[in-house]
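Two complexes follow with subunit A in common, the first pairing it with subunit B and the second with subunit C.
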Partner chain A sequence: MRSRISLYGLTFSLPLLLWQLLFFVFPLLFLVALSFWTVKNFTMRPDFDTVNWVTIYGRAVFWQAYATTFVMAALAALLTSALAFPAAYAIAFKLSDTARRWAVFLMVIPFFTSYLVRVYSWQIFLSDNGIINVLLGGIGLGPFPMLNTVGATMVGFLTLCFPLVVLLQLFSLAFIDRTLIEAAHNMRCGRLRTVFEVVIPSARVGLSIAALFAFILCFGDFVSPVYLGGGEPTTLSILITDTTKSGQQWPRAAVIALTMIATLLVVAFAAIRFAYKGRSK
Partner chain B sequence: MKKTHLPGASGAVTRRALLATGAAALAMPMLSRRAFAAPTELTMLAWYGHAEPDIVAEFEAEHNVKFVPKYYTGGDNMLGLISQSPAGTFDVILSDAEYVQALNAAGYVEELDPNDYALSDYFPEFQNFPGNWQDGKLFSLVTRFGFLGVAYNTDALTEAEAASYDVFWDPKLTGKVGHFDWHLPNLGQMSLTAGNAAAYDIDEAGWEAVKEKTMSLRSQIGGFFDYGGTFSSLNDGQMLAFAGIGDWITGVLEKNGAKVRSTIPEQGGLQWSECFSIGKGSQKADLAKKWIQYITSAKGQAKSAQMAAYPAIVPNAKGWEVLQAENPAEAKRQGMTKDAGNAMDLIRAGRIQYRQWPIQQDLETWNDFWSEYKGA
Partner chain C sequence: MTQDMTALPLSVHPSGTPAVATAPTAKAPAAAKARKTASHGAHDLNRNRGVDAALWVYILLAYAFVFAPIAASFIFSFNSDRFPSIPLGEISLDWYRAVATDPLVWEGLRNTLFVGVITGVVSTLLGFGAAYTDYRYKFAGKQVYLALALLPPTIPVIIMGLAMLAYLSRVNLSGNALSVIISHVVVCAPFAMAITRLRLSQMDPALEPAAWNLGASEWQTMRHVIIPFCKPAIFGALFITMAVSFDEFAVAWFVSGLNETLPVKVLGFLQGQVSPRINAIGTFVFVTSMTLVILAQLLLSNRDAKFRNTSGE
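Showing the complex of A and B:
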């Protein structure tokens, strides 16, 4: 049976469609076109030349940055998911309704402050003369180099993603059918086994989507790799700024950006496929 | 006809007189507004700080002008902003000297009349400043400059240690040397360290030497920092030495009590220079000209030298005199005195070279190598 397009449906769906066309599809198409433009004497010229694709894809530094960025984002997604899960589990199953509302509120609070400011504040903790090293120095340890390391970048990624991942995991855990957990317990399934055999599989969609969001945010992040990682190692976002910083090479930056978008689309489809695998339609 | 009497007033007041008085009172704000006309807006495209009150307040008051700044974070960013804006968007444009030719080639700036400006007050070296002129025509006017050398933490290094770029390779600085993340000043300094006589005019052998020298520094590097990151990492002692910067960063930190300083090492320093132009198609070109006249005058130059955002040396000799009278300590700190070894002596002794685009290589070649170096 063919579904009829109703005025009611259009009222709600059309603005979203227009929004996506205006602010996603058209800019994306422009980005594709831009990647074929050429630059002469700091001026971009409309063209159809594959030189930017050939140049960028022919550079070892691009693939090195690509691999680094992918691995770091994947690691951050796994780390954030693993650290967020106990928190989300406790909020979902162990807290009273009032305490749960407060916990959710506390998870939202970090979004009230600029991410850049939060990252800068981490420098006070992580620098050689920072709070952590001063405390460690008090018991005769350190100083340990923490700032301008990959570890510091991971701290920044966690700052960016942790509250969001906890909230997404929490919404997923909140909708688990409690009778399944009770049934597992009735069948003498231990607490830990219940988590791995019942809770996680039941919340797989939400957990996967949460990890996907963490990956997406970290893959494109510029702030933490620069301000906590000290620009080392070079990530794709840093490579984009390097490319645009000298000679107006926006077309080459467009190639990097399009590669990032394509990667995120592939990862997103793979994650969604994994999340819904085996579920009845 | 009944008259209206105002209590306490001497004599009677007619209704007509009352209405007239009321109308006049109501019209006062309009009359005041005409007397104090709304300030003319003058758009300025510049590095941060150039349109802040410490620099522009006096000019704004004198000419009933309100600056509307658009700040950029680098020459390429500046070119991008201009190219994406209609002609006439920016009345005044500040650019680093190496970008002036690009501005001119793209037709983004108006020609200037040298007779409009106090060029005769400038030190001779700056009266025909390279980049400002093309085919005998003036397109911009250098307004301030500074030197790039070795920036260092005074607790970690002595001035004698910092007197050579070789200090960056000192084992005690492993992981503590920072780069300001732009290839041009860093590779220029590496070029001088590699022994190239002209930092930016090097042949293939010279370029190979630069690459080799730069790569040998990689294990010493603790990070690549933007403007904000450079400030914070020097301020908190995270980085103890810095390549690619100078007093424009350390001068600000030093004023705020940080133990950092910049020095011109024995291999020589580089010079950054900022120039003012009038934007092509500006509807307020006369006012823009007045601004450039003001900021390049002795009085304006003294202000510019002490800019809160970042200090600089000025090319106007009379500006030095005003600064010496107003703030002798700052004049001394920046070497704008008559003492031997002042800023002009450094230039005249050949210890300073202009920062510029590479002459024998493409800009891309330098930039690509910089990315490879960072990723190494």
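Showing the complex of A and C:
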């Protein structure tokens, strides 16, 4: 294929490049600049002052939120991966081709429903007079306070990530060499042992990437922590919305956002290193 | 019209190109058969009915979890109770009526449609260009180009929202529908690119050079060969990106100002009183999005059949 620069080639390649530079790279770079601006009398001034960084990093609230967010996102990633794996495994190995296609189609549907609406719907299930407590009350239990707990936030996180993680895991399981599994079985390797010693290692890249996506999604989500978790404990995304929307302290919000991006980059790098460990040899 | 155009390069080359059309049909059943026998062999040894049944139950539970909120939202949108729970109240269309008579909802819907349609068209165009660039060209910095083209959806929406708000208000673009469109295209174009790229990878790499050899210019080849071949993917991308834009609320919430889209209104309802109106809107948006997705799916799955027809002429 020819690769010299031509008007023809540029017509197709340039528009997206320009768009993403102008409206994706520049905004993110501007965030860096913004974090050094100062706010006086509710107006922002271009400046080069580390005051925002010092203020935010000097606050216990921030570090608490940071730890909370990190732990909750990591927990959600592990939980989602663990709960999704049996489903992905069963869909990949136990269903007929037709049934598998339907299963995939059904798993795609949630992507086109509003996450907000689904979260609101979980309120109907989890509230004190909600469906679950009414059902439990029917057999003489409860009511259990479920809304506005960390558990409810986790339900929201699962709602957010579960379909994506199942699909990504399914995708990686589909590429496993079936003869490897057969070989393991021939050598009298039990079912469970085959799963842990053949299937999971073979699908490690996909499984790690799936968990990484779950982590990224939950780390940045503010809907579940607010509307299912009741805003307690405070997460970084809640801090950002509060700082931006009510506080008008955009430079400080920028500091939080940049810290989140840095964290995500480190986590993504570590996850990808782990995923491909020993593969390149 | 377009059918003739696709047929043109194919019919001139009866020896080479029809293979493109017939190969997948011939290969697919054989491959499926091979897979089937392979999986049979793998299953026979360690098959255990109890485990299989447990896995079946697990699949059902997984889907129950995924669809519980969707189904509940649908059911309670027709329920008269102010605070939705069981036992169900009367069946009513009150919430739909409340939504339909709310001028703010209509305004939100108008904004959503406006933003969604333009976002869909622009994202599809940009995504097509990027997919074609990746398909055809090798150049220094291609990795960076692809990263720029595909990364935006992985940035948390809240950070995108903040960055967009700060940046766009700096260049006096924030607080209107245009700012929502700009931000949505950033997020949606990667989806359009991925869909189109997938389609291009199914194209015989010899097809384009063949058209050139027959004297077509690059532009003519684009118009008469590549675009017709990608047509299902282009429409698929259009519908999918529109559906993504219809549901996006976080970035829109940050940048939209007074021109709120429907999902941003829903966010407002969530913040205020618990309101079953959300269910009515959600069901409406769900039906709209699903219609778009199913249209896209039909287009994307009929492509092989269509392509066979055109090449057979």
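In the analysis below, the second predicted complex is superposed on the first by the 256 of 281 C-alpha atoms of A that agree within 3 Å, B and C clash if a C-alpha of one lies under 4 Å from a C-alpha of the other, contacts with A are read in each partner's own complex, and residues count from 1 in each chain.
Quick note on the criterion: a residue touches a chain if its C-beta (ideal position, glycine included) is under 8 Å from a C-beta of that chain, and two chains touch if they have at least 3 such contacts.
What you are looking at is a predicted structure, and each value in this text was computed from that prediction instead of being measured.
Enquirer: One more residue to check, A:Y120. First (subunit B), second (subunit C), both or neither?
Expert: Both subunit B and subunit C are touched by A:Y120.
Enquirer: Applying the touch criterion given at the start, work out whether A:P145 contacts subunit B, subunit C, both or neither, answering first, second, both or neither.
Expert: After superposition on chain A, A:P145 lies in contact with subunit B alone.
Enquirer: For A:Y8, decide between first (touching subunit B), second (touching subunit C), both and neither.
Expert: The answer is second: A:Y8 touches subunit C but not subunit B.
Enquirer: Touch check for A:T244: first (subunit B), second (subunit C), both, or neither?
Expert: both
Enquirer: With both complexes overlaid on chain A, does A:W19 touch subunit B (first), subunit C (second), both or neither?
Expert: The second partner, subunit C, only.
Enquirer: Classify the contacts of A:T50 with the two partner chains as first (subunit B alone), second (subunit C alone), both, or neither.
Expert: Neither partner.
Enquirer: Is A:L264 in contact with subunit B, with subunit C, with both, or with neither (first, second, both, neither)?
Expert: second
Enquirer: Applying the touch criterion given at the start, work out whether A:T159 contacts subunit B, subunit C, both or neither, answering first, second, both or neither.
Expert: second
Enquirer: Could you let me know whether more residues of subunit A are touched by subunit B or by subunit C?
Expert: Counted on subunit A, the partner with more touching residues turns out to be C.
Enquirer: Who does A:T234 touch here: subunit B (first), subunit C (second), both, or neither?
Expert: first
Enquirer: Which subunit A residues are contacted by subunit C in one complex and by subunit B in the other?
Expert: In subunit A, residues 120, 123-124, 127, 129-130, 227, 244, 250 are touched by subunit B and also by subunit C.
Enquirer: Along subunit C, where are the residues that touch subunit A in the complex?
Expert: 32, 35-36, 38-39, 41-43, 45-46, 48, 51-52, 55-56, 58-59, 62-63, 65-70, 72-73, 76, 83-87, 125-130, 132-133, 136-139, 145, 148-149, 151-152, 154-160, 162-168, 170, 182-183, 185-186, 189, 193, 218-219, 222, 243, 247, 249-250, 254, 263, 266-267, 270, 274, 278-279, 281-282, 285-286, 289-290, 292-293, 297
Enquirer: Which residues, counting only subunit A, touch subunit B once they are in their complex?
Expert: Per the touch definition, subunit A meets subunit B at residues 41-44, 59-61, 64-65, 120, 123-124, 127-130, 145, 147-148, 226-227, 229-234, 238-239, 242-250.
Enquirer: Going by the contact rule set out above, which residues of subunit A touch subunit C in the complex?
Expert: So the residues of subunit A touching subunit C come out as 1, 3, 6, 8-9, 11-17, 19-21, 23-28, 30-31, 34, 83-84, 86-87, 89-91, 93-95, 97, 103, 105-110, 112-125, 127, 129-131, 134-135, 158-159, 162-163, 166, 178-179, 181-182, 185-186, 190-191, 194, 213, 216-217, 219-223, 227, 237, 240-241, 244, 250, 253-254, 257, 260-261, 264.
Enquirer: Note which residues of subunit B are touching subunit A in the complex, please.
Expert: Per the stated touch rule, the residues are 74, 76-77, 79-80, 83, 102, 105-106, 175, 178, 181-184, 221-226, 228-229, 232-233, 236-238, 363-364, 366-368, 370-372, 374-375.
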